[in-house]
Amino acid sequence: MSDEVQIEVNGRNQAVPAGQTVRGLLDSLGLDPRLVVVELNRQVVRSTEQDEVELSNGDRLELVNFVGGG
Amino acid sequence: MDGDTLTIAGRQFTSRLIVGTGKYATHEQTLEAVQASGAEMVTVAVRRVNLDATASESLLHVLDPSAYVLLPNTAGCYSADEAVRYARLGREAGLSDWVKLEVLGDEATLLPDVAGLLEATEILVAEGFKVLAYTNEDLITALRLQDLGVAAVMPLASPIGSGLGLLSPLWIRLLKSRLEVPVIVDAGVGTASDACLTMEQGVDGILMNTALAEAERPVQMASAMRLAVQAGRLAYLAGRMPRREWGVPSSPATGMLD
Amino acid sequence: MDGDTLTIAGRQFTSRLIVGTGKYATHEQTLEAVQASGAEMVTVAVRRVNLDATASESLLHVLDPSAYVLLPNTAGCYSADEAVRYARLGREAGLSDWVKLEVLGDEATLLPDVAGLLEATEILVAEGFKVLAYTNEDLITALRLQDLGVAAVMPLASPIGSGLGLLSPLWIRLLKSRLEVPVIVDAGVGTASDACLTMEQGVDGILMNTALAEAERPVQMASAMRLAVQAGRLAYLAGRMPRREWGVPSSPATGMLD
Amino acid sequence: MSDEVQIEVNGRNQAVPAGQTVRGLLDSLGLDPRLVVVELNRQVVRSTEQDEVELSNGDRLELVNFVGGG
Amino acid sequence: MDGDTLTIAGRQFTSRLIVGTGKYATHEQTLEAVQASGAEMVTVAVRRVNLDATASESLLHVLDPSAYVLLPNTAGCYSADEAVRYARLGREAGLSDWVKLEVLGDEATLLPDVAGLLEATEILVAEGFKVLAYTNEDLITALRLQDLGVAAVMPLASPIGSGLGLLSPLWIRLLKSRLEVPVIVDAGVGTASDACLTMEQGVDGILMNTALAEAERPVQMASAMRLAVQAGRLAYLAGRMPRREWGVPSSPATGMLD
Amino acid sequence: MDGDTLTIAGRQFTSRLIVGTGKYATHEQTLEAVQASGAEMVTVAVRRVNLDATASESLLHVLDPSAYVLLPNTAGCYSADEAVRYARLGREAGLSDWVKLEVLGDEATLLPDVAGLLEATEILVAEGFKVLAYTNEDLITALRLQDLGVAAVMPLASPIGSGLGLLSPLWIRLLKSRLEVPVIVDAGVGTASDACLTMEQGVDGILMNTALAEAERPVQMASAMRLAVQAGRLAYLAGRMPRREWGVPSSPATGMLD
Amino acid sequence: MSDEVQIEVNGRNQAVPAGQTVRGLLDSLGLDPRLVVVELNRQVVRSTEQDEVELSNGDRLELVNFVGGG
Amino acid sequence: MSDEVQIEVNGRNQAVPAGQTVRGLLDSLGLDPRLVVVELNRQVVRSTEQDEVELSNGDRLELVNFVGGG
């Protein structure tokens, strides 16, 4: 439907409402923006910009965080 | 040892032991081990959020970033581009421009690809990163890394996770004697005597993970490593006795009875 | 390490490091090094009073016998009779029946004469002495000493005063695995990593002198040794990671980006 | 003279007044009995006995104490 | 060992020992040592003709090129260009396209500059050279050299002329297990047991010079090395006994008398 | 090596390798291995005739006593009396008064009981035996054995059948430097480099059994050991190059091009 | 029976005819005297004496030879 | 003089007659062409070409051979 856009999040296809912002996506996924870094089409999206940036068809997002590592 | 501090990229550390946070049974054990180790800087990895997980406690809730310097690594990266990408994400996540740079060349040994390492180093230093570069024992590569402006050179003692200890004290002593930037031995230390022997070569510090996480009692081994690193450092500064192939009495030869 | 104490002949020690008092520049340095080492028991030698000396300060004025267990040795004795004679004088001087028994067989190496050692042990044990026997790496001799009732078996790591460290970890592990009395490695340790490695073999403690007294900075080396002995003990108790001849990542292999 | 006895102390010949005790010898040498052990002809002389024991011609004494040793 | 031959770039060798011709007292001693070593290939350097010398006997008059494969080296070269230049002159002088390629990175250690080495290798392989590449212990670099088409990878055992022997058997075993081209250990071997131990790691051969030339009796050491290389190779092929930390009788436990 | 022969009790040997005959799959393999080893003296054990066996070929039919010096051992004996009894039977069986004297102190390690060894040595020397005494690394015991008139002192490299190689080169060098009778290292050698390294300490020879019999290919390992012993001996006589912790070129530093 | 004697050979009881010599025993066991050493009651019996020595009741014999050993 | 050319041989300046060939130079230096390799201005001169190639002003030659090396 025209009021949905298809995106890929961490390697999975997902549909989100048209006009949804990055921050909106994080909220819908129940993720704490202070603990998650967003990469949109290979570009880091600063948390300060997450409200402005709207998702478009074919966007590829990577949501990452720190885990234990050596 | 008062005043014998470690300075990397202008930041001063009292502890010369840096620990990783991987492979522990629980977040709690991770924290206990980190605390027992006395480390002030800990490495973390950058990975995808697990979207299936029911909100599990984040590592950052356990490791207070105000209490520890978090050092993001690029573990698992096999090209300069990939390592640069992870470094940038790590910077965003940690709000710090320090990175432990790994560019691996082989999955079986996890040995560094020094060509890729030099390439990634050049890019990241230009972007203002403080690069702590995981490398092999090669002096020539280490000198190039220093020329490129790394914050520290991190040669391996033996393969990552092998626990084989310091394979070549000679190479490590050589690196230390020729470099001005800090030399932090990274990978391969297996037990306390390995850490002690490594510090006795004069290096500035040690980074370890598996030796703690895979010990039968990780927290106890973390205490052992804290002491071993201090002991090795002190012994290096104290200046060891000469070696001899014969006996020398420690009690007076004079004043014996008739 | 709470509660991990060393018990010799019924007496409990918190420190697993015993130090000698020979070869220091001054009485003051001796005391500072002993204090830095954290040792609770120190060895002393029995020698003639120097009748020519203008009343010099006695060692006992420096090392308060109420603060330290004084362990008289029979250093410099080359026969069972001679060692027994010194042991008796030491008992009178220290008002204690503990003795570090040395019966040497060769002046160039200061290696023990195990036949003479067994002979002297039998006599002294019969006289109620608590015998801590300096011996070589031989398990069979060590078992005989235990049968004769020694309080501790003290095998060498390498020649007295050589600083060559632990020549044969195998022999020492073997002794420890077969004996019930405490095993205190005596002689040969040269620097902190030697002490750490030695403790990792599971032995109960270490006795050293030259490694401290002949270090460039004895007091600093004494601190290093205190930490190294603790580190090695803790690592032994913690249980080291397994050794592998290949690499194993310390960061997750999953969750990598596309 | 008959009022002197010849003894050996720590390997040296010495003459002491006849009837001198072990303790007397220590005092004359300025030695603190609590820090010195006396061996007389290969037998230890307890400090408690040092007042009684008188020195005789040919006695061999060893006066020892603790020194630094490993 | 019949039929156990070494093949490099299609040429078969019976001897697995390659020797250098530098640092001998006289041409005669050089020849005697080469003969005693049993080597079939010897390295030579390319240097300016000495225009002041009264016609001295040329090395080629001593080392008959029909009796020995002469392997020109690029010793002393610190850049890819310089090494390529020497390689071309060597080819002309020897009428052979084999070269022992050295691109050094540091005068104090004579360690290889692996970046320059890879660069020179690419050029020379394209010109049809059979490149035997002197490199360090790094597997990743060795794999690149193999991809570029070298005839053999020649990792060091320890620094050139150091005589320190095989610093890291692990790295050398690793290289051998991962490469298809011959692995010839070059530099660092000091005495016969070093050569024997090195061959036991499974490598295809050893190149040495200083260990012979600087021995007190070079010709005798050359014989020792010939035997040691054979012994190590045979032991590798024979398959050593397992190691155990306890004793096992070599005489029957049965049939003892009452 | 012409004229470099080994003399024990007035008998001259060209080979410095003595081999045992235990643990082989067949008599044929025993013979082949002995031949490949180049040994001139072989050890044998004294055991009860197996009365149930259908007349099996005797070892003596395989090992021609006119071709090899048979050295009876007292393996498996745990007291001086028992060892003396076996020695006498061995003398009768071999019509020779040579004996490899073993008096063991512990079944798990097969370590010698030096007290029992000295006791049995005294008896057997008085009876005219040529005693080759298996002992530990202790110099003092070795000097006593020499004083008692042994034909050779045979210190262990590591436990019998362990294959751990030479645990303490220092002790072995020390024994050799202080004894006049031949020093033959007995037990523990595992592979060719162990044998080579052992001979480089200057000892007169090596006795081994398990390293050959338990190799995957015993006969091939026997050849390897023959060469390794020769190589180590030659290297010892040749005088090794000095060790250095830096690089030294083997090609001329002069005559480089502009 | 009176014309038999009980002996022990290598730890086993055995009956042999009265008057049997050591050499006779070896022959009866099919053992080559040149390859076997005989110990009779803890004393070695030289091969040259084996014809003379007769076995008596309770004799304990050990028959040994060389086997592979290290 | 015009019938001479200035060249550099192994780093030294030298004058040779105009028209002298590489082979001629080797002969004049008493060098055996089979044992010496000639590099002229950074280019190897094959022995087969040494008769043809004439030396010109400013030519830089390197005359090299094999020496002992490891």
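Should a chain be cited, it is by its letter among A, B, C, D, E, F, G and H, assigned in written order, with residues numbered from 1 in that chain.
Methods note: contacts are C-beta pairs under 8 Å (C-beta built on N, C-alpha and C of every residue); 3 or more make two chains touch, one makes a residue touch a chain.
Nothing here was measured: the structure is a model prediction, and the numbers come from that model.
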### Query
Given the two chain pairs A-B and B-D, which is bridged by the higher number of C-beta pairs in contact?
A-B
### Task
Among the listed pairs C-D, F-H or B-D, choose the one whose interface is a repeat of A-B, with over half of the contact pairs the same by residue number.
C-D
### Message
Using mean CA coordinates as chain centres, what's the gap between chain E and chain G in Å?
### Response
64
### Message
Rounded to a whole Å, what is the gap between the Cα centroids of chain B and chain H?
### Response
58
### Task
Between chain B and chain G, tell me the centre distance in angstrom, where each centre is the average of that chain's C-alpha atoms.
75
## Note on the structure
chain G residues touching 2+ other chains are 11, 39, 62, 64, 67-70
### Task
Identify all positions of chain C at which a residue touches two or more other chains, and write them in rising order.
20, 22-23, 45, 47-48, 73, 75, 85, 108-109, 111, 160, 164, 170, 174, 209-210, 213, 245, 249-252, 255, 257
#### Entry: Touching residues on chain D, where the partner in the complex is chain C
9-12, 29-32, 35-37, 39, 42, 44, 46, 62-70
### Residues of chain F touching chain G in the complex
19-24, 27, 30, 43-49, 51, 55, 58-60, 70, 72-73, 75, 85, 88-90, 92-94, 160, 207-210, 213
## Note on the structure
Note: in the complex, chain G contacts chain E through residues 11, 39, 60, 62, 64, 67-70
### Message
Using the touch definition from the top, list the residues of chain E that touch chain G in their complex.
### Response
249-252, 255, 257-258
### Task
Spell out the residues on chain F that touch chain C in their complex, using ranges where they run on.
105-106, 108-109, 111-115, 118, 136-141, 143-144, 158, 164, 167-168, 170-171, 174, 178
